[in-house]
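The block underneath contains the structure these notes are about, expressed in structure tokens.
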Amino acid sequence: MLSQFLQFLFSGVTVGATYALAALGFTLIYNASNVINFAQGEFIMLGGMLAVFFTQAGLPLPVALLLAMLIPAAVGVLIEKLAIEPVKGAEPVTLIIITIGASLVIRGLTAVIFGKGTHSLPAFSGDTPIEILGATLLPQSLWVLGITALVVVLLWYYFNRTLQGKAMLATSFNRLAAELVGINTSWVLFMSFAMSAALGALGGILITPITLTSYDVGIMLGLKGFVAAVLGGLGNGLGAVVGGLLVGILEAMGAGYISSAYKDAIPFVLILFILFFMPRGLFGGQSTDRV
Amino acid sequence: MSMLEVKDLSIHFGGVKAVQNVSFAIDPGIVYSVIGPNGAGKTTLFNLITGVYKPSAGEIRLDGEAIHGRSPNELARRGVARTFQNLQICMNMSARENVMVGAHLRLDRNLLKAALHLPGLRKRDAELRDEAAELMRFVGLEQYVEARADAMSYGLLKRLEIARALAMKPRLIFLDEPAAGLNPKETIEVDQLVRKIADAGVTVVLVEHDMKMVMNLSDRILVLNYGKKLAEGTGEEIRRNPDVIAAYLGAHA
Amino acid sequence: MPKNVYRGLYLVIAILLVLPHVLPNSYYLDLAVRMAINAVIVLGLNLLIGFAGQISLGHAGFLGIGAYASAVLPTHFGWHPLAAMGAGALAAGLLAALVARPIFKLKGNYLAMATLGLGIIISIALRNEAQWTGGPDGMPVPSMGLFGFELSNDRQWYWVVALLLSVSVWASLNLIDSPFGRALRALHGSEVASQVVGVDIVRYKVAIFVLSAVFASLMGSITAHYVGFVSPNYADFFHSIELVTMVVIGGMASVYGSLVGAVLLTALPQALATFEGWETVVFGAILMLCMIFLPKGLVPTLAAKFGKGE
């Protein structure tokens, strides 16, 4: 009983951490630009695929992983410069279609360059499972959780303790006011796309040794990241992390105890249910329209 | 009997008490103005009475019937119309259509009949088009009957909102700063327009910063300050009220 | 509206009448049928997205309900195809009505999330209930009989969908320029202003959502019978996005834009087939370029350029 529960919990928090990183990516871009970036999932895919490619090419692991984060970050910046900045102030649907267009381009190019096969990445520190109360935990899970926790702490420090981070936060509250006090909001946009792509890619790299990867894994991962971000209340960083873990855990529990066939449906059932009762997610504030 | 009765009305947003224990009554057929410095709670009061906000405490009665907490469209059914301080014009529609929307409740809104283009509905719509043009003439927009709303200036749109509100055939109309941002000539035109509306038998509640206009038009005036009622009375009484003088001089000093 | 409201409709009918006589072969006739089917769906979706301003990222789910009703009910339960089609539309309408009230309390991105979720749940259910739906492989659909004679060849189908399309364009034009349509457009323009003149905005959002869901379900059934086969891809997220893209590329709040969008985006994948392996890349790039350079969509942009309203 307990061991089974723990087993589901371990696998839940592990994927949940990936969702959390994706949700943080959604949050960063949403705060900087009000755009929901539907290409977020492709950064996760790209991170995993590039990590596979670079390690197979014989690069040392740290170098391979660094490149697998930097290239998606560059792609993110490219999208922002070429496709988001030129249409500032467009209708949300227009922006959604642009980011979906971008996701198709990334996915299509990946398929052309790396093929449509499934790839795996060796675990960072072996595959010997650790036993805890009858359940097993993969060492890679510890990497996922540890690095995610580290990233959350670093982000918290960045946004609360550094001038740059505070400038980004200020822009998300009031863009015009931020511009008036001299914050370069174009730079904020640049940073948020770079950071959110890198975060997504990191999630993809970390999880690939456990779940494998291929050119088309990005859609579902991205959509679940979106669920996590909305669950936590769009724009709320801590909410995104909690939302990610919650989605991961409930998905694993649902798959384990209810139906594994409906595993992918669980996050969406969850979010519909939550939104019915809490229209702005778990931690979204109240808003009053001024008229 | 008073048409509108407000008793101990309050609303707070978080810790901010935007309106506190405000009471007053409006008799039918008069022009009643609400004045006060910026942030005094005038627009919030309008939003409370027209159902856009729900009060935290207090009562609002229309013809003796409690209406607080009702939705805006229920109030519309009871003949309450309003305009907005910061324009709420549908920019995706023509000027005339904006006015026609005002007649919403007087029309057959059936989806199927509309899709099938039934003659009765069509005839009524044609009449409404003429009626909307007539209302636009009434507010001085006769040249803009065929215009797109998004091609009109601020001052014109202010009047378009009044035409839309009048299309509801209201008994009670709330005008939120109809002269804000207008030049002196336009202000005089709006002043005359409000008089015309009142003469047509509609009870007018007015929020306005232009004191000349307020004094000229109002039968009674309510003064708000920091969300509280500071004074109420005729123009002459208000002009001489020491609290009002202090508040205004204080606010403008 | 001015008297020439129907001018575009006459043009559409004229094109529909001439088209089968000038199309070189059955490949193009087939393409024309698919375009017309998509055009009807997009008309309904544009009422929701373009006119009422409410996004739906899960509309393919309703399409799937109609398509699978027409596949499953006649195959497993021996229903008459028309009854199955009606049942599908009813189911889609009921589901839409059931979820619409809570969903339309939501705005913007929260609404996008909820509709997206709904669509995905439907598509996952269709994929998983393999004993009924054939699972990921899909299932064949029996042919459709209408009043004793069977719809078998593409030409017959063409006339059926051409008629449906003409009627839909006519009905949409009427609806937009009616008290109902004005209320829809008004709540898009300003929710608070519409409420204050007495528009029950949630009711209108629900009504148009249900209507567009029923449209989608009916056309899903038609497609299923026409193609003779259904697969879960038909209901999936990407198809929802394709439909929304048709609305936006053609032009939001534009009846004729819906037709243009449906025609172009139905033809595009066929045209891209020559790019072996690069289809997705080119398709994505075209979406982005269209939105960057024509954010208002083709028909409104062109209409503005040539100085006349639609």
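We call the chains A, B and C, going by the order they appear; numbering starts again at 1 in every chain.
Everything below uses one rule, namely that a residue touches a chain if its C-beta (ideal position, glycine included) is under 8 Å from a C-beta of that chain, and two chains touch if they have at least 3 such contacts.
Keep in mind that what you see is a predicted model, and the values were worked out from it rather than measured.
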Centre-most chain [mean C-alpha coordinates]: C
Farthest chain relative to chain B (centres taken as mean CA coordinates): A
Chain B-chain C separation of Cα centroids, rounded to whole Å: 41
Computed distance of Cα centres, chain B from chain A, in Å: 48
Whole-Å separation of chain centres (CA-atom averages), chain A against chain C: 31
Junction residues of chain C, two or more chains touched: 192
Residues of chain B engaged with two or more neighbouring chains: 52, 84, 88
Residues of chain A engaged with two or more neighbouring chains: 291
Residue ranges of chain B in contact with chain C within the complex: 50-52, 71-73, 75-77, 81-82, 84, 88-93, 97-98, 100-102, 104-105, 107-111, 113-117, 121, 125, 161, 164-165, 167-168
Sites on chain A touched by chain C in the complex: 30, 36, 83, 86-87, 90-98, 100-109, 111-112, 219, 223, 226-227, 230, 234, 261-262, 264-265, 267-269, 271-272, 275-276, 279-281, 289, 291
List of chain C residues in touch with chain A within their complex: 49, 55, 57, 99, 102-103, 105-106, 108-110, 112-114, 116-118, 120-121, 124-125, 128, 192, 237-238, 241, 244-245, 247-249, 252, 277-288, 291-292, 295
Residues on chain C engaged by chain B in the complex (per definition of touch): 170-172, 174-175, 177-183, 185-186, 188-190, 192-201, 207, 211, 253
